[in-house]
Amino acid sequence: MIKITIGSKTFEIKEINVTIWNEFIHEQTDPKVASIYPEGMHMTIAEGLEPYGFNIRTATFNEPEHGLTENVLNETDVLIWWGHLVHDQVDDQIVERVYERVLNGMGLIVLHSGHFSKIFKKLMGTTCDLKWREADERTRLWVVDPAHPITNGIDEYIELEEEEMYGEFFDVPAPDRLIFISWFQGGEVFRSGCAYYRRLGKIFYFQPGHETYPTYHNEEIIKVIANAVKWAASPHGPTPTFGYAEPLEEID
Amino acid sequence: MIKITIGSKTFEIKEINVTIWNEFIHEQTDPKVASIYPEGMHMTIAEGLEPYGFNIRTATFNEPEHGLTENVLNETDVLIWWGHLVHDQVDDQIVERVYERVLNGMGLIVLHSGHFSKIFKKLMGTTCDLKWREADERTRLWVVDPAHPITNGIDEYIELEEEEMYGEFFDVPAPDRLIFISWFQGGEVFRSGCAYYRRLGKIFYFQPGHETYPTYHNEEIIKVIANAVKWAASPHGPTPTFGYAEPLEEID
Amino acid sequence: MIKITIGSKTFEIKEINVTIWNEFIHEQTDPKVASIYPEGMHMTIAEGLEPYGFNIRTATFNEPEHGLTENVLNETDVLIWWGHLVHDQVDDQIVERVYERVLNGMGLIVLHSGHFSKIFKKLMGTTCDLKWREADERTRLWVVDPAHPITNGIDEYIELEEEEMYGEFFDVPAPDRLIFISWFQGGEVFRSGCAYYRRLGKIFYFQPGHETYPTYHNEEIIKVIANAVKWAASPHGPTPTFGYAEPLEEID
Amino acid sequence: MIKITIGSKTFEIKEINVTIWNEFIHEQTDPKVASIYPEGMHMTIAEGLEPYGFNIRTATFNEPEHGLTENVLNETDVLIWWGHLVHDQVDDQIVERVYERVLNGMGLIVLHSGHFSKIFKKLMGTTCDLKWREADERTRLWVVDPAHPITNGIDEYIELEEEEMYGEFFDVPAPDRLIFISWFQGGEVFRSGCAYYRRLGKIFYFQPGHETYPTYHNEEIIKVIANAVKWAASPHGPTPTFGYAEPLEEID
């Protein structure tokens, strides 16, 4: 927390610690993906977020504890998650650790194929299944909740020339706030920007980001992610107490 | 389905198959509970629901497969769930079976201490923890969504002379519809009637029903449960298809 | 209410009184519309709903009190509303009368250009504005809440070869339940099936139905309207009392 | 906007312009109220908010245009509203002006008896009626959405020794987020902290603040209002365009 006094007024600047988690496998095994993201999607996202002033670190699947040690998570305000090929190999203990941190106030931004990650499915309580198609088709993400800070600085829609289609029905609980709906050239729609609140934690699912397209080089997509980081890092309230409770009033 | 023709009009009556699941342990081990529910809470609830015309069966923890075989669940439109002492001993396979049935359209009504059941926690994606106190205190369940059919025939509130206090914060996702809020004499409030939709399934959590009080002998409480059965059995829509999808429109 | 006893069980059949309101002007002034709906859209909708067993009457703008007398409204369980050209000429007193009935439990189904009706804007509290285009384009209404009874008997989507485009941003409150999202050939999406609850009343906005297309001759569209009638006519709870209230507990 | 550079990082501080509107009549006509709020509730709230660094001005009913000129509203990020005796005498043109500003992104915080203000009723689309009682009774506002920034720095509940009772049913749309539920000594509950989104605007209704109690001298109450100001001033997204729209894709 940085405090700045201007005249009689004091402003607080809260630094935001972001950890970008990427399984980082496609980029090391698929030349097409490597050509788009030579250092991994996490590094491209990190570079994109650089101008926004966050404290950024990255973590990947192959690191010890997937790079998500207790220390790292305790120092993380918002965790960004991209996974696909090895969802099932993510250690249940680490998933549990992330889960506890989300319930206790860490923000979580789940990108694209992360819909099938253990952590997202656990938090949603549903299968998070959907329709998909890789057909190099055009998509357009329409803002349907322009009051939400995640849409700040975005036009009425974001157009991507090529993305993977994700289509309804998306097997998640109805989002607490539905922010983007996507149109796909092939005839489908998708709830592509979904905000959820779980105890003290804020969660945002954002659909774009197939590994074979340069989506995370797109400034508008990065701006949405940056906005989501700020939103997910916004302050929360009291940590609840659970269990036996003494009465606050006399009971006759 | 019964079809009835009156003059030129045909009406359809859909019979509703209800399974009442009770762990049925308190009643067999605690004389106080046995005196209130000599045949078990499930039998009291079944008797209460009798006038509503449902086809009712019961199932309990100690039956093979906890009484919830594939056949039973496939023939169940709405499952009512009361559990407390042996949540952790409920077979994960049976939980998975119930889960699949809910996602595919079976209604689920979770009563009182069932908030900590495996099935409810799995569907919610949160811990479902709360505050509690057994102090023989008065509670009043206020209707806050009188458009909902679950409140049909109920007054503005239901008063119970003695219930266990459950207090906020209740660690569940914000309900898709919040129907009752409870006032407790000791100074707490609780979101005591919560409706959720998960894929094709409708879920209702209803707070009253501590084993040492005669709550399920109360006609208003039973009426809420009967209304919830009708609501949870109301028709659903298409079973979604997931996975690869051919385009519906030409992609240039 | 019809009661039917089968063996020991008694079933209740609630007859549903539907009033279909249509301003009925396009059909009398535009030959193209007249050729599709020679007796008016209200009559086509009435014929479509005939097999569903409702008691149906119609009302139109030019009738005294627009056909919506106190008696008619008091006997109406669900009001269907289609208007376009003369929204502003609908008598404020009649709007107030409909408004009171909705808050007191009458269902309301607002079709297509009815989004700009006085009654819908008053109930929403927003302008209900949107984007539009008449370009004979294809649309597809995707089910995004298949647990909702309004989607019963519908496939994963409804396809209409030609409809008017309505596009986001749709200036309404986020629906209490979002049931359909539409895809349009020209590149837009729209929240085309929106359910709202206001005090005792249930409201459904449904986008299809431009006067120059035969949309209300489509059986799937009629099925959605029929489902919406049943849902909007489902029972509600207690009529609230307002104003000064005596305490229910002693205040020290 | 103030920009601050620390090392390689630039932070932006957005100043927030708050206008506190108070009808300011009770304080000038009722000695009891005058003794609690000698300069008016707006001045007490302004003093309370002073440490939070907002740019604050006030406006009252008796000023020309109620103090809410075009200029004032255009320079207002968040408007706080307290009214009671003269709701009906507030000029419809000013209400319309505030309404337009809210839809276009100004935040609105409605306090206590402001539930019956023209602006709140217009935005809600319902009567906003409720139960009430002045009986010097204790109330406790429980946090039920601790992820929300409005609850930052607040304990699990706020206790007020004396407040007016407001009780359910509260005739508003179900809030987009329900943040506080109040317990009252006399036996009622109330949804006392309700957040709504309408187009670009964020709205917060907060129940406490009867004129005969020193509620706005309470630091926790002021903290909630300060949090609500920050939340309601948080950035919004694109201003929607409405009306005829050219297709974005070729239509065959």
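Each chain gets a letter, A, B, C and D, in the order it is written, and its residues are counted from 1.
We take it that contacts are C-beta pairs under 8 Å (C-beta built on N, C-alpha and C of every residue); 3 or more make two chains touch, one makes a residue touch a chain.
These figures come from a predicted structure and were not determined experimentally.
Taking the definition of touch as given, a chain qualifies here only if it contacts chain A and chain C alike; those chains are B, D.
When each chain is reduced to the average of its Cα atoms, B sits farthest from chain D. Here the spacing of chain B and chain D, counted between their Cα centres, is 37 Å. With each centre defined as the average position of its C-alpha atoms, the distance from chain C to chain D rounds to 33 Å. Chain contacts: chain C has residues 140, 143, 145-146, 156, 167-169, 174, 176-177, 185, 187-188, 197-199, 240-241, 248-249 touching two or more partner chains. Those residues of chain B lying in contact with chain D across their complex are 140, 142-146, 156, 167-170, 174, 177-178, 181-184, 187-189, 191. Residues 103, 122-127, 129-133, 135-137, 165, 167-169, 171, 173-174, 176, 185-188, 196-199, 240-249, 251-252 of chain D are the ones touching chain C in the complex.
Remark: chain A residues 2, 4, 6, 9-11, 13, 53, 105, 138, 140, 143, 145-156, 159, 176-177, 185, 197-202, 227, 234-241, 248-249 touch chain D in the complex.
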